[in-house]
Structures are given as structure tokens and as C-alpha cells.
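The structure appears below as C-alpha cells.
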Amino acid sequence: MSGNSFGKMLVLTTFGESHGKAVGGILDGFPSNILIDLDFLQTELNRRRTGQLLFSSARKEDDRIEILSGIFEGKSTGAPIAFLAHNIDHKPEDYAQLRDTYRPSHADFTYEQKYKIRDYRGGGRSSARETLARVAGGAFAKQFLSIKGISVTAYVKQIGQYSLPNNFILHELSGISKSEIGCPHPETELKIIDHLKEIKSKGDTVGGIISCIIKGVPVGLGEPVFDKIQADLAKAMLSINAAHGFEYGSGFAGAAMKGSENNDLFVQKDGKIVTATNSSGGIQGGISNGNDIEFNVAFKPVPTLMMDQESVNTKGEKVVLKGKGRHDVCVVPRAMVIVEAMAALVIADHVLRWKQWEG
Amino acid sequence: MSGNSFGKMLVLTTFGESHGKAVGGILDGFPSNILIDLDFLQTELNRRRTGQLLFSSARKEDDRIEILSGIFEGKSTGAPIAFLAHNIDHKPEDYAQLRDTYRPSHADFTYEQKYKIRDYRGGGRSSARETLARVAGGAFAKQFLSIKGISVTAYVKQIGQYSLPNNFILHELSGISKSEIGCPHPETELKIIDHLKEIKSKGDTVGGIISCIIKGVPVGLGEPVFDKIQADLAKAMLSINAAHGFEYGSGFAGAAMKGSENNDLFVQKDGKIVTATNSSGGIQGGISNGNDIEFNVAFKPVPTLMMDQESVNTKGEKVVLKGKGRHDVCVVPRAMVIVEAMAALVIADHVLRWKQWEG
Amino acid sequence: MSGNSFGKMLVLTTFGESHGKAVGGILDGFPSNILIDLDFLQTELNRRRTGQLLFSSARKEDDRIEILSGIFEGKSTGAPIAFLAHNIDHKPEDYAQLRDTYRPSHADFTYEQKYKIRDYRGGGRSSARETLARVAGGAFAKQFLSIKGISVTAYVKQIGQYSLPNNFILHELSGISKSEIGCPHPETELKIIDHLKEIKSKGDTVGGIISCIIKGVPVGLGEPVFDKIQADLAKAMLSINAAHGFEYGSGFAGAAMKGSENNDLFVQKDGKIVTATNSSGGIQGGISNGNDIEFNVAFKPVPTLMMDQESVNTKGEKVVLKGKGRHDVCVVPRAMVIVEAMAALVIADHVLRWKQWEG
Amino acid sequence: MSGNSFGKMLVLTTFGESHGKAVGGILDGFPSNILIDLDFLQTELNRRRTGQLLFSSARKEDDRIEILSGIFEGKSTGAPIAFLAHNIDHKPEDYAQLRDTYRPSHADFTYEQKYKIRDYRGGGRSSARETLARVAGGAFAKQFLSIKGISVTAYVKQIGQYSLPNNFILHELSGISKSEIGCPHPETELKIIDHLKEIKSKGDTVGGIISCIIKGVPVGLGEPVFDKIQADLAKAMLSINAAHGFEYGSGFAGAAMKGSENNDLFVQKDGKIVTATNSSGGIQGGISNGNDIEFNVAFKPVPTLMMDQESVNTKGEKVVLKGKGRHDVCVVPRAMVIVEAMAALVIADHVLRWKQWEG
């Protein structure tokens, strides 16, 4: 029972290593008879592609997605949807030094200890290239959610020490796509871009925080007590490479708050029962309450640096790792579409699970 | 597929409502032939019991656990272990006002919308009383882990705005149990106790943060790519009532760090490959690396206040909720054993899953 | 991941040993807001109870079921339904000789080898007493199916060499309940009763075949390719103690048939597309086609005999097992309600899974 | 939660339609560091390939398998193994008449009713071409089992009314591969071949029974109470297209037997506790007892005939289906490798599950 599948009703299973033949997946349980927009799928994949931004790795992959099954005459059939993208930009020689070395804060050491064998080419299975399949799966999920009136949108909240102002309110989602790096506050965006340039010039990397907002969620998603919707979102987010934290609603800041400040009072508005505030991040008792679901995900700095680092080889001897290859200064801009994809998979899964309880 | 089961190899399924006949669970997949210390089980349950601390709810329950199966002549048999505690301190009349009312930041509204029926007595299934079964399940898991040399320990990191000093290092676990509230830094403990008294006197509540440290973990636990050990811990923690955030290793603070600061360099020590620092919180690529696993969980303030609050009834009409009943000022002191229990269940599950990959 | 849970949307987890404190289970995923008839539940349990028939074991158990959770004011709430029956007729001394002995064709040997420990009292977990929890779970499932217009009915097809005539057609289900042993053909019934008396007089036992018919099934249940409805029924039936075979539709007899004989031709009838025959047993491509689902389950003779048998003890030394204790001459009459229960659980599970694909 | 995955520790997920781009699958949980013989894989696939035998369909497919992931330098890495075979012999025009028609005893009608859309080309997902992925998955499982000393072998027991003699004992497995149709009794083989020729000349088809024997199974596989090894085998077998029955050990014949005839007495032999007979088919209480596991699977006749058949179109109007296309006279010769593959997947899954209980 290894962990390459995600979801209960809508199940994504991914495969593929960074420098193997292909990466891809099977999405099983996708509702039938839904019109699929393959251009949208490709657009989503392009959002995570390397070599796009100044601050991203220069690896060139077309990431051209191929659908193998489950779609007939433009519509989903209810059969499993298999898809893949071939790996074309192999440069295994870049990774020759990795054969006998453990990169700091990478998975080289733990994979080798666990499996007694390691595909050392570019991290093999532990590479972020695996997330291509998540983005593809998420793009299908988004198309299903779109029919239900649900949207999932991520944006940059913080990179390095530069963060959206505390009193920042996201009034329009359109502000996000206008920004090169997905930051909806132009002043902060400028500071971040300057910061990224500086970090890059030093061969270093930096972490950040992504916010995500899910709109149009009906009341009722989430399965107490263990499959609370925040629990499944937390798992989804922490399964993303480099993610180190998750919070929703008032989150870690809520720890310092009083109940009288944090509680969301119920009020009637336009004939509907809603809450006056949203400290609960759209979820109460593990079940969506009709408000926007809002959460943050913290990412550590990319561990591969363009500077020398000390490490050990597989014999435990000291070595110096040279900073070369192709890598991101900051994972956050490319990770937004991954956060969205995983969130969309969680929400779509719960929409399907919810059907059990409907009338 | 409702969400009342947790784990893949070691599966805990819980049942029971706050004021039903009993709460309990079935633990399935527990290894056979393990000596079970029922006193330890009871001691763990006492740690979460109400009415213990000045700052906890006054509900009196013996929480006397009864084992129904799976143990024979003092040892586990490999059969499912069923257990329960009868509910004895029923005061359903305390909850009469809840029949037609939605408490702020509680699950009343969402449960009723989802299931079209609600056991309104004390929150029914959404009550924290359900966590009794988690603590029992966790106590079994701890006994199994103990044989493997693994320990799980939670402590108070923050309550309200009072937090352990930034440079605090937990040198000895014994400091935790000496504190009435589980805070290993006496100065901070005193501030917190004063703060809790003040909050209580106002009928208000307050949030906090629990830290957890898992010692003795072997290299190799965790199943990439979705069942990374941090992903399963995150899910476990966010499934606890009132938990609003999870972070491990450098966590949210890591967002502001550079790669060159955050990376854990490999070194050889006593003939073993280890890391010089532990920004990774004991996990790399989703797999334990042999270091302590360290994480934090943020809890919101308890939503039930001993003061009047505005809300609406099931018709959407304004009502005022009176502050009465029996409730905690802060969930954190009682939640420590719940955090430990859920962490122990995750680790034990992964110890059993790991067997698949061993030699 | 031991195997004490059954189902995907509607999950029954059972616990309990033959001579432990109690047997019971948790039924999770049961739809909310359904009126529960506890008398029906008890009636179903009485159908499997020992000591009822001339030919059944004389163990006296009230099998009085107690519901611990999930029902509020007479209706299901969507929370897990926990239930149990205490074991009252303990006679562990009857089983003292089993401590160091392996009974022929029982699970004593395999349990001890697998778990390295065995609750030897009456077979412990391997006892048919565990099926009490299945019957209770099935009784809930039947109540849900009843609302959907679906009924599940088992009857005796064969005991020993006495079988319903080949050309027998079950015109009215009521014929079954009129028979003491559940055989709807009076002539066959008489022969069987005589045969059972004779077998009993010799201290021997005998096998049989149960037929089951499921009426009112809508078109569309079953999830290709692995969770075909016949696959899930087969698993359910072969999980019952002593079951040794499963067939549906034309079954084993179909092996000798030609396609031109066996095919079910589609015809239009009353404006609906139906099949002229039902060699497919109501299932095509793993999905129900609207016809009655029909299948047979073969049971081996009860292995516990009232005569001496040779065996070995745990050291491998020859011993003679005395025929004593309380046991059935034939499992079939009591197994009918178990077959129905397991079938009802499968069908209810698929009704809930089917919701994923509905409009 | 659709049903395209099989297994719990070792999980095979399949994809692909008869005339889509490709069929294939992902095998997840396969142990790492195992040398993989790709030639064996191809040989197994050739055993199920069409166009091999006189009596099989004339569809020509290379069934050339391509491995996309999970194998590195000839060994499994513990990562998911993705594989596929492209569909090359498309003749969709053969299937034009199926667009608006329901073939008798096929899945056309039920798929269309369930999913509201149907890939009508050659049965789409319901085609036996899907079993290619099962055979590939099974070939991996066999390589793992081989290391454990376990072999899985199927043979023809019956085709039409021609069956192995009742007293037939399979002394040597080699007899099977010497037979063109996998029948280890030359006299029966000749009768069957004559029968198949006659059936073919009439454009008709015929059913049959496959026996399977699993050798080298250790004591201890199988997870009571629901995941008994016979229960998982039954599900596996009934999930194969056209399978209509499963029995193990004394099976349906056991229904007519007495306990004193059917019981397997324990004896000591060469210092080991074994049973004198094997009516239990190698399984007691759902757990393997060290004997050969033996079971039979009944297959209905292929429903596609080379003769005219009446049916209805999607409007319910009468139509006549012409017998054309490429189809088998009898599924049994090609189904042997599928039976073996599914059995190997079940046994390998339980070998991995068993590790939970080992020392």
C-alpha cells in the first residue's frame, strides 16, 4: 500500500520519474458525460511549466499532454482517464554527481534507505516533475467543479519576508492574473520581484506562502470526524513537495485570539443563514458552511542552490556539491497551480461523496 | 463512505455522540501477541478527561474504558479491539435551548444542513467527547510504538499571546509533566496560568499552540507521493476539533528563510549519516530521516462562551444564547493527549506499512 | 490492514469472539433520516440464533441487540451506528480440550500459525458467532433497500443430495417462510427433514446450497471493471464461514451450454427494454440490468461432528477429539439470513456508489 | 469510487478501451529491488493474445508492452510501475452497427443506462481487451511470487460437456503446456478440440471451466473475517469477463457430502503438521494452511455469435444482429492466463499484507 493514489470517490494515481520515459496518471471516478476542454488542460500545465519565469528553472519541456482513455467524442465516459506527458529534455549527465551523493534537504538519502535502490536521475520519483500529473488531474476536477459553480484560486501571500499587508482584502480575483508572479497587491509584488532578483544573483533560494480561496462551495461538504474538509485539504497541501505548513480560517493567528473575537456569529441575510465573519474559513465541524473556504500553505526555500554546499556521499564521506543544473529561485509562483489542483481534487472528491447524503 | 475511520494498516473507527449511550471505537490491524497495559490506557484517558483542571469544563465522567474484544489473557490476538466508555453524566436539559438554535462557530448549522437531522444534545457527534475514542486508540498505538523504541510527546508552546521563547530548546521531556498545563518553561507557564484565570473570569476563552516531538523514529517511514508522513500527520491534526493549523520543521517561518539558511546538511556522526540541523522536522521527501519529527498544531479559542452571544434559530430569527453549561477556557491542556494519540496512530500505521518495503 | 471491514460507501466493521464479552459492529455511511425498526432487527437476529431448530446447535443466547449510537429519536442521523450483543451462555470448559488441539477443517491451526496466539474458546474470532454482527448490519441495509423497493430473499436449494427439481420455478416468495427449513418445495422439504434426522442420529453433518433472489434492483448498480456486482457478491458470500462456492445466472451449468442457448435476447415489453431470459442472473458487464439478481452459494458440511475424530495437538501428537459441545447438523437453515444480510450490504453499498453517476 | 483498482497493498489500476489509443495500467506497491524479466512479461501477454489459436478471434494486435516508470536499470524501484500497449488493429467500421444497438448478453445496454454515454467501438471499456492490463500486472506479481517459491497454474477442466474424468489427478504441471488448449488429459483434449471445431462451424460458441492450482503457499495468508483468501479469490475471478462461478476445495460437490467425508484430518508428516486430504482447498478459516490452493472458475459461452441474433436498438425497436467481426469460439483457452494473473495478484497482495503479522 504505497501512497501514489489520492482521493476516495475521485481517485488520482500518478506515475513517473523526473527522467524516466513519461509522467502521468489515471483519474478514476470522474463523472461521465462531461464536455472536456483539452485546451484548458494544456493551459493549466503551462502554468506549472519550468522555464517560464525569470525565477524558474530553465528545463525545457513541452509538457504536451496525451489522453489515452476515458474521453470519447469530446466527453468523459465514466471510464478511467489515463494521461501522460513524455519527458523530452533528458540531461542525465547533469545528475551523474548525484549517483553517490545525498543532496541536503532532498529525498536522496531517505529514498535510498527505504527502497534500497534509487533512481538518482534528477530525484527520480521525488522530483517536483511528478506534480505535472496532479495539475492535469486538477484541471479535470476544475472542469467538473465549474459546472457546479465552484472556483479555486491561489495567489502569492508572501515570498521571503515580503508579505501582503495585514489588512489586505482580495476584492477581485482578476488582480492575481495581472501579476507576473500571482501577487494581487502591486506594491508587494514589486518588492518581491526585486527580492527574487537579488536572491537569484546570489545563487540562493527563498520560501513563501500561497493563499487559496474556494468560492461557490455549497453547505454540506466534508465527512466528520476524520475526513473533515480541512483535514483532507491539509493532507493534500502537505503532500506537495516543499510544503511545510497549512492553516485555514484564523489559523495560527487564532491561537492568540479570544473566543469572543474569533467566533463567527450567525445572521440572516437575504433570507439565508450566513455568518457575519469568516474566522472559520468556510468550515464548521469539518463541513463547509457556504462561505468561501480560505487557507494558506507555507513553502520552504528550494533546497537546490546555485552555490557550493557540503554534504556526504553514500559512504558517509564529505563531498562538496557544486551548484549546477536548472532550478527555481522560489517554488511559489509555479506552485500556485499545484495548490489549486490539489484543492480542486479535494473539493471534487467531497462533492461526489456528498451525494451519499443528498435526499 | 463517511469519515469515521482513520489509518490504512492500523484502522481506528470511532462511534458515539456526546449524550448517547456510549462513545468508543474499534481498532483493527493491531499486531498480535502484544502485552496490553490497561492501566496505561486508563491513565491516558484521564489526561483528556473533563473536570480535571481549573480551566476545564466541569462535566464529570468516569471515562471508565471497557474492552470488548481482541485481548485474550492480557495479550492482543490480532482480532479487532473494540472498546467503549458509557456516558453517565447526561444533562440533556442543559442542551434544550440548542434544539432550535445554531451556536456560533459550532457544527450545529452544518450538521443540520448536511444530514437533515441533528442530535442536538451537546453537539452530538461533533462533540469533543468523540476524541475519547481517539485517545484510547492512541494508547494502544503508543504501546506498540514503545516496543519499537518510539515515543510521542506533546507540550504547550503558546496560549493566547504567551509563547515559549524563540530560542527555547526542549532539553528534557520531563519538564513537561512537571507543569500543571504541560508547559516546559516555568516563566511562560506562570504567565499563561495568570492569563487563563483572567480569561475565565470574563467568561471568555482563548486559543493556543501545541508542539509535538516524536523520538526514536527509524529512517524509512512515509509513503510518497501522497501519503508522505507529514501529509498524514497534517490530516490527523486537522481532524481534531478546533485545530486550525499545522506546520512541521521550519514551518511558516521557513517562508521567510533562504535555502542556504534552511537546508539541513548531511554529516557523518558516530558512523551514521545524520543531518547537522533539523529544519526538515525529521522528514525528507515525505520519509522520516531518523531525526526527531517535530510539528506544531494551532487551536482556535473554544467557541462556547460563558457570556451572552447573538445567533439565529433554525428559522433564521435572532436569538441570544446564554452562556451556560460546562466548558473549557482553553482546549490546549486537554488536547495534548489527543495530539499525541493521533500522532501515535499515524506513526504506528506507517511502521506497519513500512514492513512492505523491508527486506 | 486486517480484514474486519466490508463495503466502500456503507462499511460494516465487526468485532467479537465467540466467548468474549460481546460481538457487534459499527455500520458507517448509513444514510441519515431513515426510520429504524428495531423489532425487525431483532427478528432478523432471531433467524440466525442457535437452538431454534431441531437441527441446530443448542447454545442458548438471547442475542439481544443493543444500539449505542447513530440513532436519535428513532431515526438514523448519519453518524456511525454501533451495536452489540453480549455473550451470556459462556461454557468455556467445553472448550478446554481445544487449548492444545487442532480441530479438523476448523481455523484453529491456521489462526495459531498466523497470529502466534489463539483465543481457543469456541474458535474465538473464527466462530460463526461473528455473523451475528453481519445479520445486524444486513438488517439495517434491508431497511434502506426497502425504501428503494429492493428485497433480498434466500431459500434452500439443496441439502445433502436432496435438491429442488431442475425445472423448479419460484413463483411466490411466501412459499419459503412457510417451510421450517426455508425450502419452498414441500416434497423436497420432507426428504430433507428426514435426511437431517438421519444424519443427526449418526452424529454426522451435511452440506447444502442456498439460492438467493434480489428483486426490484434498478438498472445501473455495479462498478466495472473490478467491482462488478457479481464480484462483490462473490466476495461477500465466500467470506461466510463454510461457504465453498458461488455462481450466478447460468453458473457452472453454463460451462456446458452454447452461446445460442445461453444468450439473453433483448426485447421491448411495456415500453421498456428487457431480456427474454435471465441466464445473466440480472447482471451484464458487471452492472445490474433490471432483472432479478439470482445466485447460489454452496456450503460444506459443518466440520464439528458428534463422533470421535482423529487429529493432532499443538505438538503434532495424535489425539482423538470427542464429539461434544453444541453444534449444527447443517449450517444451511441458519445461514439463509446471513446470505441475505451480506447480499443486502453489497446491494446497499452499490446503491450508494451509484449516486456518483446519477444525473 | 469507481471500480478500476484491485488489491490493497499491491494495487493494480487499469485503463483503456477496446478501440481507444491504448490499454494499460499502474501497478502500485510492488516491492523494490526486484529484477524484472520483460521477456516473461511479453510471453504472458502473448498467451492471452488473439489470433493465436484456431478457435480464437482473428484480431491482430502486437500487444507490445511499454514500461513507462518504476523500473530502473532492470530493477523495480518501489515507484508505481506504469505500462501500456497501443491499440493498432482498429477497425471501428466493424462496430458501426453497434452505435444504436444492444448486443445480447453484452454490456452495451447496462453501460449506456449507467453512464448515459457509451464508447460503442468494440464494447469500449467492457471489452476483454482490458484484461491485457491484468495479465501484465499478474506477470509482475508472478515474478515476485516466484522469489517466494509460489507458482500459479491454470488448466482446462471442462469445455462444453467434455470434462476431465472425475478421478483425474494432476500429477505434473508440465502436462498442461504440452496441450494446445491447456488440457492435461490427452483423451479429453481430443474430444474438446473436435467439439470446438464443430461449434465453430456452426457459428456458435461454448462455455467451460478452468481449474487453478497454487503451489508453495506458506501457512498464514488471508485476513479474516471479510478478506478471507477464498473471498478475495472469488472476487478476483468473478471480476473476469464471462466468469459465472467460483468454487474452491470440495466446492459445490461438498453440498452433498457428509462432514465425516469432507473433513481434512490433521496428521504429522516429516515433522510438520499437515492435512491428510485437501477438501478445504488449502484454506481454513480464510487462511492458507500450507496445502495447494485449488479452485475452479466457470465461464459462460462467448455471447458474440457468428450467426444472426435478434435484439433491439436504443429506441427499443427490433433489429437483427449480423454475425460478423472477430471473436472467440470459447474464451477458456485465452482466459487461463487471466485466471492465473488475477490469482497471482491476490496471492501477492496477501503476501504483502501478511508482513503485518510476521514477527
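As written, the chain order gives the labels A, B, C and D, with residue 1 at the start of each chain.
Note that contacts are C-beta pairs under 8 Å (C-beta built on N, C-alpha and C of every residue); 3 or more make two chains touch, one makes a residue touch a chain.
Everything numeric in this text was worked out from a predicted model, so none of it was measured.
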item	value
Most widely separated chain from chain A, with each centre as the mean of CA atoms	C
Pair sharing more residue contacts (C-beta pairs) when B-D is set against A-D	A-D
Contact-pair overlap exceeding half with A-B, pair selected from A-C, C-D or B-C	C-D
Equivalent-chain rotation between chain C and chain B, CA atoms, steps of 5 degrees	180
Between chain A and chain D, centroid-to-centroid distance (C-alpha), Å	39
Euclidean distance of C-alpha centroids - chain B vs chain D, Å	46
For chain A, residues contacting two or more additional chains	1-2, 4-5, 8-9, 14, 29, 32, 78, 114-116, 125, 352, 356-357
Interfacial residue positions of chain D with respect to chain B in the complex	1, 9, 29, 31-32, 78, 352, 355-358
Contact footprint of chain D on chain C as seen in their complex	1-6, 8-9, 14, 102, 104-107, 109-111, 113-115, 125-126, 130, 158-161, 199, 204-209, 219-220, 222-228, 230-239, 244-252, 254-268, 271-273, 275, 279-281, 284-289, 298-305, 307, 309-312, 316-318, 353-354, 356-357
In the complex with chain D, residue positions of chain A that touch it	1-2, 4-5, 8-9, 11, 13-17, 20-26, 28-29, 32-33, 66-70, 72, 75-82, 84, 114-119, 124-125, 352
